[in-house]
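Pasting a structure here, questions to come.
Labels run A, B and C following the written order; every chain starts at residue 1.
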Amino acid sequence: MYLTEPRLIDVVKQQFRYKLNAYTGVFTSLLVMQLIGIFISFENSSSMGLGSLTIIQRFSSNDAAVGFTLIWALSMGILLTTIAHRNDAFSFVSNRMSHHLASILFLLSISTIGGITASLSGSLIQFVTMIRNHSAIIESAGMFDTPYDFSIRILTAILYTVLFAGLGYMIGAFIQRSKLVIPLILVAIFVFPYFLLGIGGGFLEEVVLFYGAETSFLLFLLKVSCTVAAFFIISMAITNKMEVRK
Amino acid sequence: MTVIEFHNVKKSFKFNTVLNDLNFTIEKDVLTGIIGRNGVGKSTLMKIIAGFIKESSGDVQVFGEHPFNSLKVSANSIFIDDTMSFPEKLNLTDILREAKRFYSNWDAPLAERLFEYFSFHPNAHYSQLSKGKKNTFNAIIGIAAHCPLTIFDEPTNGMDTAVRKDFYRALLKDYLAHPRTILLSIHHLEEIEDLLEDILLIHNGTAHFHGPITELQEMYVKLVGHPQHLPVHLTNKKVKEQKTTGLSSEAIVENKFSTEEKARLTEDGIKIIPVSANDAYLQLTKGTKGGIDDVFDRTATH
Amino acid sequence: MLDMDDAKPIYVQIAEWIEKGIIDGTLQADEKVYSQYQLAELFNINPATAGKGLTLLLDAEIVYKRRGLGTFVSPNARTKLLAKRKQDTLQKLIKELLNEAELLDVDDKQLLSMIDAERKRRESHDSH
């Protein structure tokens, strides 16, 4: 029997297709998350009374839909590193490198879809708000009037989604290395920022500003790309000796 | 051509050392049975070969490469055991279609025929299958993949007798048609004795015996004769087991008899009966703690 | 065909099965013998083990090989096997007979008369 000489790229492609066929359920969960987000968005309104005059101000934004998409991306990142997913992959041809690359490719693909749909949910919200209130001032970029801003908005949403997916993947990789990481992460998420914010401003705020306050799209792209690349490289490095199907 | 090489391989886990200074080589297209008592490290050994886990020290070569993280080893081998897992979303037909994309030698018509023969429902899902059915499905993948190195770790767990027989027959027929290197670990050696060419017996972390199964079988013989005549012939012999019932006495002894000794045995009416490979294996791995009877004898005297 | 429960090594049984075919005339001189793969398939055994059975016969010159064509029955195989049977089987039976006779205190004279009696019984049986 002849030996095959596999190429990494071919195996990555096979594993990627395998994931696309097998994990279509991730889109169902995305849809559910975004619907919840959209539903919440409609409930934001505030009213101001100035004497006899009452101004009702309605805020409709897709912040909630985007927020839920980011939570979804984070959990997808973690999910892909679980033992179940790894065993699925290693039932067929794979090594750790091809497994990571296929997973990353899959995360990037679903994050792109997540980012696009999160952005479009904003358009949906605007549309519904407009119909409900008959008049509204739309304060954001539309596909036809400002196509450049519109595409930047979509790309930004995608990049945020990728950022969270990458973060999830790294967290998942750490968890796979040691279950002790779980309480540490909980501390990092809930206690540490509180503590830091307590002593004035702090780290988390700076992190948020580092990405959120960036006005140049190119710089933002660069920052996110480098961060995500770092997440993935760290994940690969710490799991490269990982034993599978034990 | 050598397919698998182990040099001084050790593997320890947190609390115990499983493999200790393991040395052996396996040649191309040989069907080898990996045997040993429970917990002796058969699965560990085979997972090192498949590249799933990493040896603690020593040198492992499969197809001339270190298997851990080798894509070549992964693409040319398949490992069938209980840890096979498939995505929930896919049905059995989908899984076979995925497998086909991964293995260049995949025999789709054979997979289909076996699938039908063992009456699987195309739309069934893997998680709904019973343990025996899961292992039957895994076995179909293992056979149809036609991988140059095919590894089965306890493939028949949960299968009923008829299915086990069918599996052995299917494996042999496919092996005859497409010779390849096969490793097969199994608890019931007596069921597959005739199927195997070689035996690799793991005991105390080392390769206790590695060679043709006929050689293992011929390591011991059973002597049956009159209780008065038998003991004389057992002096200076390594007796592994001995029992007397009425007028007949029997002993399992190391098969080291000269032609004259054999003649004298026959003269005394003692029959020399070959033992099965399974019996030889049991004798070879007998612990120093005696048999299970000794456990009860000891408690009885207290 | 083969007794799989027989404690004899399977390759010895394979060799004996072919020998039996030669003795009873199923396999004639210069006739082709099953290949090790056919034997493996037939008896559900490893081809290497089946090959060992053939090697036993090759070594005893019961069969011979023709390169690329297969294994064939030697011209004098049957004569050889009959002689071997006389030597092995009959000799063994005689040994057992003597052992048993000794155990039962049957002397040679008695033994010979028993053989004679058996022969006569058969002859009378055949004539009827």
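Definition applied: a residue touches a chain if its C-beta (ideal position, glycine included) is under 8 Å from a C-beta of that chain, and two chains touch if they have at least 3 such contacts.
These numbers were taken from a predicted model, which means no experiment stands behind them.
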- request: Could you name the chain whose Cα mean is nearest to the mean of all protein Cα atoms here?
  value: B
- request: Select, from all pairs of chains, the pair with the highest number of C-beta pairs in contact.
  value: A-B
Cα-centroid distance, chain B relative to chain C, in whole angstrom: 33
Query: Using CA atom averages as chain centres, what separation in Å is found between chain A and chain B?
result: 48
Query: What whole-Å value do you get for the distance between chain A and chain C if each is reduced to the mean of its CA atoms?
result: 78
- line: Each of the following residues of chain B touches two or more other chains, namely none
- prompt: What residues of chain B sit close enough to touch chain A in their complex?
  reply: 29, 47, 51-54, 63, 69-72, 74-76, 79, 81, 83-90, 94, 98-99, 101-105, 146, 148, 178-180
Message: Considering only the defined contacts, which chain A positions touch chain B in the complex?
response: 1-6, 8, 11, 14, 17-18, 21-25, 84, 87-88, 90-98, 240-241, 243-246
- prompt: Along chain B, where are the residues that touch chain C in the complex?
  reply: 30-31, 168-169, 172-173, 176, 193-197, 212-214, 217-218, 222, 266-267, 269, 273-276
- line: Contacts from chain C onto chain B in the complex sit at residues 4, 7-11, 37, 40-41, 43-49, 52, 92, 95-96, 99, 103
